[in-house]
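What follows is a set of structures for review.
Shared between the two complexes below is chain A, which has chain B as its partner in the first and chain C in the second.
Moving on to the complex of A and B:
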């Protein structure tokens, strides 16, 4: 739905001519839909920006929202929807801010009865529809990027490798272990082993809600990779139900040491290293 | 043709692979290493693969062969310095380098060989006091 240049000019004229009334009504309608969750001043400022950028676009002869003259209008619209998305408004609450203009225009144009009024109104509302859709799309984009950021942060946060003792590092796994996370955990653990030169690693699965064959496969791969590099892995924090699941699924951990708690695993590792030093001390004595 | 240098440190032979291994290089390395083990009478071989970005089945088999040869000549082989990315790739490929001992770095590798060797020496050491005590009693 494209606007002719004349229609664009008429729209600009209409908006300029009744500037105060348009903004007043527009703000009122939007405020009613947002139910006071945005301050009156903030709302008025947003409406004002939209209003003036629409006038600029109309005066410069923008034929639709994709045209070059409407760049500023697009920028204002995406700014508006970004702000709303971050403040937690819903998509329709955001779109209504734009669609409210239709109602305002209808009220205005009812008063004047020219030869073009009906055609003009149809053309204007076409433009407003475009603006609404644009707002909706940028709202969704903002939301998606927010979600992607959060997922990444979660991935970063949930896989720390901690040093428990000299030569002993531990990975407390929390949450579901999918392929992507397993990969991150594996890489980070192996890198830490190299960086710290620790010959022992404890993988603690207390925080893993369920262990299926896939999760077990990921853990086994990590253990084998660590062994290839010359470090030993111990799996700890196996809860009773998980032990039952592991047996029921027929998962074999082979000769990998498994312990019930992190404390047991640490004691096991210390005994492994401690026995050696103990024997050496006896030999010296 | 490139040759891989073999360094002798105390009772250990250190092989640091820093070139891409070809068939010839691998065969040459096996020959050289066997010669050196016999000539020096060392009891440990450390193969450092820190510089290797890619370990495929060929390099894997070469490592296994070297380990077997050394075993026959009474020397313990330890592969050290495998990179995380290499380890992950090997696991994904399903190559587990059976029969090869590994350590994180050269230092740990030397400790490992020293410990294995100490056990033997310990046996010899413990035999003497035993005979002494039996002799005195």
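Moving on to the complex of A and C:
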């Protein structure tokens, strides 16, 4: 719904003429909906910004939110949505900050009885609806980018390569091993093998809920790549249900050593490297 | 195929991306736990669902999955239907051969999934798509 130039001017006039009352009521209504989760000062500042940018837009003859004159208003609205999204408010709580203005305007215009009052109110409401929707969309965009950031951070977090012993590194895999993560795991592992000069790597899949052919293929490729670099790989954390599933699927790990637990894998490697394990030392003593 | 009576509402899930394959896995796991499949059977049916969902995505160009609980009077189970309207499978026997793949995988997905479930039914026609129904019964 578009505003005519006169309507825009009247809106600006209304907001300027009753500036203090508008901001007061607006802040009150928003504060009630947010239940004190945002400080009065902060809220007041946001309402002030919105208020003044709406006046600017109205005075410059903005006909709707997409017009050039409303650039500042759009910027203020996106800033508001971004802030709310990052502070953990819901989309409705964000949009209500804009929609509250309708109630304020209704209270103001009830007292007036001009020839344009009803028409004006409908037109103003249309603009506020646009603003509300715009806020909603910016909110969703901010959330989406937050989620994308977190997914990326998770990818980084969940694939550590740890040094277990001199010459032994391990990759504890947790969660779903899709192609993107498999790539990260392989790169990290190969780099760590070079950096530490380790001849042994243990890939632990205790935390992988299901091993299907794709997961198996990713693991096999990682093992082959590590072998090409002269390192031996052991796969550990194969639980009974995973073992039975792998057999039924027909996946063959060939001559790759596999162990039930990470401890078994480490013991296996230590034996290969000739390190005496505690148990054996005790027996000999 | 054994006649089974559906219990509750079947759950549908679209497959359009890799994330949807993960969702299918989680859905199948939830239903499998609900019908009290053993841990081994849960893992088997979840893995089979993962294979078939990925086939639906990669070869069928995406499609739909429906997960339902079934009851034949003595045992309960999970029934999963994978449907796509992709190119279909030209040579079904060849596709079900271990190690045969057109996509660079291990070639064990379809044949392996058949071994992981109790009932496996596949209907396909070239140019019309593929519909696979699998069932896993509790012991």
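In this section, the second predicted complex is superposed on the first by the 274 of 285 C-alpha atoms of A that agree within 3 Å, B and C clash if a C-alpha of one lies under 4 Å from a C-alpha of the other, contacts with A are read in each partner's own complex, and residues count from 1 in each chain.
Definition applied: contacts are C-beta pairs under 8 Å (C-beta built on N, C-alpha and C of every residue); 3 or more make two chains touch, one makes a residue touch a chain.
Bear in mind the structure is a predicted one, so any value in this text is a computation, not a measurement.
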Room on chain A for both chain B and chain C (clash or fit): fit
Touched partner set for A:199, first chain B, second chain C, both or neither: first
Which of chain B and chain C A:221 touches, first, second, both or neither: first
Partner chain in contact with A:28 - chain B first, chain C second, else both or neither: neither
Contacts of A:244 with chain B and chain C, given as first, second, both or neither: second
First (chain B), second (chain C), both or neither touched by A:187: first
First (chain B), second (chain C), both or neither touched by A:212: second
Included angle at chain A between vectors to chain C and chain B, based on C-alpha centres and rounded to the nearest 10 degrees: 70
Partner chain in contact with A:229 - chain B first, chain C second, else both or neither: first
After fitting on chain A: smallest Cα gap, chain B-chain C, Å: 8
Doubly contacted residues of chain A, that is, touched by chain B and again by chain C: none
Complex interface listing, chain A residues touching chain B: 186-187, 190-191, 193-194, 197-199, 221, 224-231, 276, 283
For the chain A and chain C complex, residues of the former touching the latter: 176, 178-179, 209-214, 216-217, 240-242, 244-245, 248-251
Chain A contact footprint on chain B (complex, rising order): 78-80, 82-85, 87-88, 90-92, 96-97, 101-105, 107-109, 115, 122, 125
Of all residues in chain C, those that touch chain A in their complex: 18, 22, 25, 29, 39-40, 42-44, 46-47, 50-51, 54, 98, 105-106, 108-109, 111-113, 115-116
